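Each chain carries a letter (A, B, C and D) given by its place in the written order, and its residues are counted from 1.
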Amino acid sequence: MLINVPETVVADGLRGMAAAHPELTVDVENRLVLRRDAPVAGKVGLVSGGGSGHEPLHAGFVGPGMLSAACPGEIFTSPVPDQMVKAAAAVDSGAGVLFVVKNYTGDVLNFDMAAELAEEEGVRVARVLVDDDVAVTDSTFTAGRRGTGATLFVEKIAGALADEGASLERVEAVARQVNASARSFGVALSAVTTPAKGSPTFDLPSGELELGIGIHGEPGRERRPMMTSGEIADFAVHAVLEDLRPSGPVLVLVNGMGATPLLELYGFNAEVRRVLSERGVPVARTLVGNYVTSLDMAGCSVTVCQVDEELLRLWDAPVQTPALRWGR
Amino acid sequence: MLINVPETVVADGLRGMAAAHPELTVDVENRLVLRRDAPVAGKVGLVSGGGSGHEPLHAGFVGPGMLSAACPGEIFTSPVPDQMVKAAAAVDSGAGVLFVVKNYTGDVLNFDMAAELAEEEGVRVARVLVDDDVAVTDSTFTAGRRGTGATLFVEKIAGALADEGASLERVEAVARQVNASARSFGVALSAVTTPAKGSPTFDLPSGELELGIGIHGEPGRERRPMMTSGEIADFAVHAVLEDLRPSGPVLVLVNGMGATPLLELYGFNAEVRRVLSERGVPVARTLVGNYVTSLDMAGCSVTVCQVDEELLRLWDAPVQTPALRWGR
Amino acid sequence: MLDTDFFRRWMTATAAAVDREADRLTDLDAAIGDADHGTNLQRGFTAVTAALGGESPATPGAVLTLAGRQLISTVGGASGPLYGTLLRRTGRALGEAPEVSTGQLAEALGEGVAAVAQLGGAQAGDKTMLDALLPAVQALGTSAEAARDAALAGAAATVPLLARKGRASYLGERSIGHEDPGAASSALLVGALVEAAGASGGGGA
Amino acid sequence: MLDTDFFRRWMTATAAAVDREADRLTDLDAAIGDADHGTNLQRGFTAVTAALGGESPATPGAVLTLAGRQLISTVGGASGPLYGTLLRRTGRALGEAPEVSTGQLAEALGEGVAAVAQLGGAQAGDKTMLDALLPAVQALGTSAEAARDAALAGAAATVPLLARKGRASYLGERSIGHEDPGAASSALLVGALVEAAGASGGGGA
């Protein structure tokens, strides 16, 4: 690992972000990454956060057109309420703040505590839960579906609407709509090594893969002998389309878990596109790359999000963050 | 590996690029990635290429403000002259074409053959060699320094000048200037597994690292017990500054080899910045990410490029490619 | 009666136990979670010890609410809010009394555990920290030793369970056969009661 | 005399040898290069075989120039232009003759090897394919068998050398102790001359 000591990995990363991105405010001590111009008058603030180790999510998505602030926790550990309360206070212009929360017990509990505290301080807070991972059965007997790749779509699209000056209610509604329209499925070709543990979180022989993994190094639902890129695309896209039956065009995220070469991700995208077209699903936009990662895990995930004209317009709207940048 | 069969990895990747990037022309059969609007009247064409496995280099750098065309070879294998000749013909508006060639025997020989053939077909061709890797002694007893991270700076800055309508001579001159002003040093924390070989190219126990590696999975000059991020930064930056003594501001590329988490790269950037400031070198711009990669290798490289006002202006100029995008 | 110093010793003993067992907790979490439970609690209880060193809470209740606040502010994850709530609610239930009886502690801890159940929505048998905490509260009426043994037994009994809450629930059937890390750490917390009592030379909490 | 068919057989036998030894060539390249030499030549000679199947070059020279063009268009890397140039130059030196003597081949191959030396700038002892090709050309005056043995000996003799050209030169001292992959493949090319001669039933090239 390219680290000093496990204890300082998150702080070191923030110092490095500060050095590389003078266009952001990076508060290393309080573990906050903020738009430099926050609070923007009249604009709803968009705050997200979660465990570190998923970079560029979330700090790499802070900037005009996307997040107002990100709260990075320890590796794979939800941040603490103090961070979110400070972030909310820093980005609230009076128009209120939307918390974008990935559905993990830790994130939910900490963001909920923060929402309570922030409201006590007079900030209007709404919350959207992202729970797009179809590998997890969404029932009262589980913690519910995990939040994974759809987080990027939620943050981009809600961020674009917030930048247009929409109300907290409208920004929250579009965020919910995006989450409800998006599903993901992920596959691991190797386990994760966290700095603190120093060895792989589970044992995955090189000729096997894990289907239905999350983004925290947890094993998946099922282990199988290695499959081809085409077979994985068949499996993943079918799993997604079992739960989401898009009647119109979709956004596609072909996401790397961190250690899979971009060349292979593009090759996988070719197979994902094949399966979608076999299933009659038209693709409006595609994003290929390492966006919602799991440290040094090899593998990939597919996220499909059905869009109407308004969502597509908001997706195409300008964004200026370290990791996503287009338009102006 | 996330592949179908080793033989189709490059073609699959190009199909996936075509699906993801309708704004580019991707010719899978002839292995070319082109700006859609090529040839642009009056503009010098910028053509690069090299072995695949270094993505996003070069295909991810095709677009307004950077490359006109990229020629991807097989994994870690220089492309063939046919590709470069076709690329030159496709992007030449009459203003001539600059070949950006990384200094490897294979790339040099194939691009030289292509230049001869293209000139026979009436295209004016100039060539710039990129050779920035200080780990290799540049002498008549070696193949000379390798081309690595500086390629990104050369392609970005020469691309910006070409987009302004500068002559072939001026574009070539600025490309040479950038290369002469840039030096790199790389470190591997793991070896590469190529699809064709299917096992690591060399054996690197997890508690050791290789100093002075290239981008083709070749071992480095020296193996050492694992070092901290700070120690690696000391070693790499000092190696670079032994060869380049910047008198003014520099661009810094903190580059991941493919499998190193972005969080760790940012942490490494903090250490690189520390060493540079200890050495009194002011940093004008920093880019952190996986840009010049070596498939699934864990590790990183540092590239430092001294810039004057003109080079900095060209660096900041708008660019619209899959992997680098800013301004407009 | 248990005085303020007893509660300080309880927290210090828990911190020491967590330090000692951090790797085991993380390994348990690696099997069915995300391999951070040990480091999470280590970070949290280090902060608790530091805070208790810096501030001087005057009552048993104040010791626990301070500790709970520290956990919430430093742990993160699922266990931060849950353990934080456990100690804060227990502390609040103890009120301002300068000394409390074992019975009062058992009752207060019962309120704390109920708050954890409410916050996390888990029930007995869901393979969480509750599976160690609930039997421990019952047994604390008898003695600290009985509570420790009940917590240990409760933690061990999570092995065959299928997880219904927290990250382990993502694994479905594959969560069976592993001890729940939060139940294991709860057994450490309860076991520390015995150490805290022993350290004063007294005859148990 | 060596007719057009002999040269076709030479190329086919080389393709077969490369197929057989591809993994070994790649492993040699993994040690001091980038682990692709075997696949590079396999791709190239597969294309050569296909081209010879599709077209019917009428002379020995035409067989070799066609093969050389195929290598240049399909191999890439350092070995594509170098082997491509070797065969094209050798073919060109053979001219239009429908049959050539072993002596003429030796002379033409000498020109081809000189072109490789000029293109790549390497000399004997630099740990490249030249270390197999140069002694082979000398020995081809005697017989194909002698050439093969000289090439094999030349390739083996690269083991203790320090590389001065190509990727292996990046390794400096660490390039010592490994056989050069290009020298190894050159020995296959030269060895295939013997097989081509044998396959016609004749007594050597």
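FYI, contacts are C-beta pairs under 8 Å (C-beta built on N, C-alpha and C of every residue); 3 or more make two chains touch, one makes a residue touch a chain.
This is a predicted model, so every value here is computed, not measured.
Chains touching both chain C and chain D: none.
A centroid comparison over C-alpha atoms places D as the chain most distant from chain A. One inter-chain figure worth recording: chain A and chain C are separated by 32 Å, centre to centre, where each centre is the mean of the chain's CA atoms. Taking the mean of the C-alpha atoms as each chain's centre, chain B and chain C sit 53 Å apart.
If each chain is drawn as a node and touching chains are joined, the picture is a simple open line.
Every pair of chains meeting the contact definition is listed here: A-B, A-C, B-D.
Residues of chain A that touch chain C in their complex: 6, 51, 73-82, 104-106, 109-110, 113, 135-137, 141-143, 146, 192, 194, 196-197, 201-202, 214, 216-219, 221. Residue ranges on chain B touching chain A, taken from their complex, read 1-5, 8-10, 12-20, 52-53, 55-56, 60, 189, 228-230, 232, 254, 258-271, 273, 283, 286-288, 290, 293, 295-296, 298-300, 325-328. Across the interface of their complex, chain A is touched by residues 26-27, 30-36, 38-40, 43, 72-82, 119-120, 164-167, 169-172, 174 of chain C.
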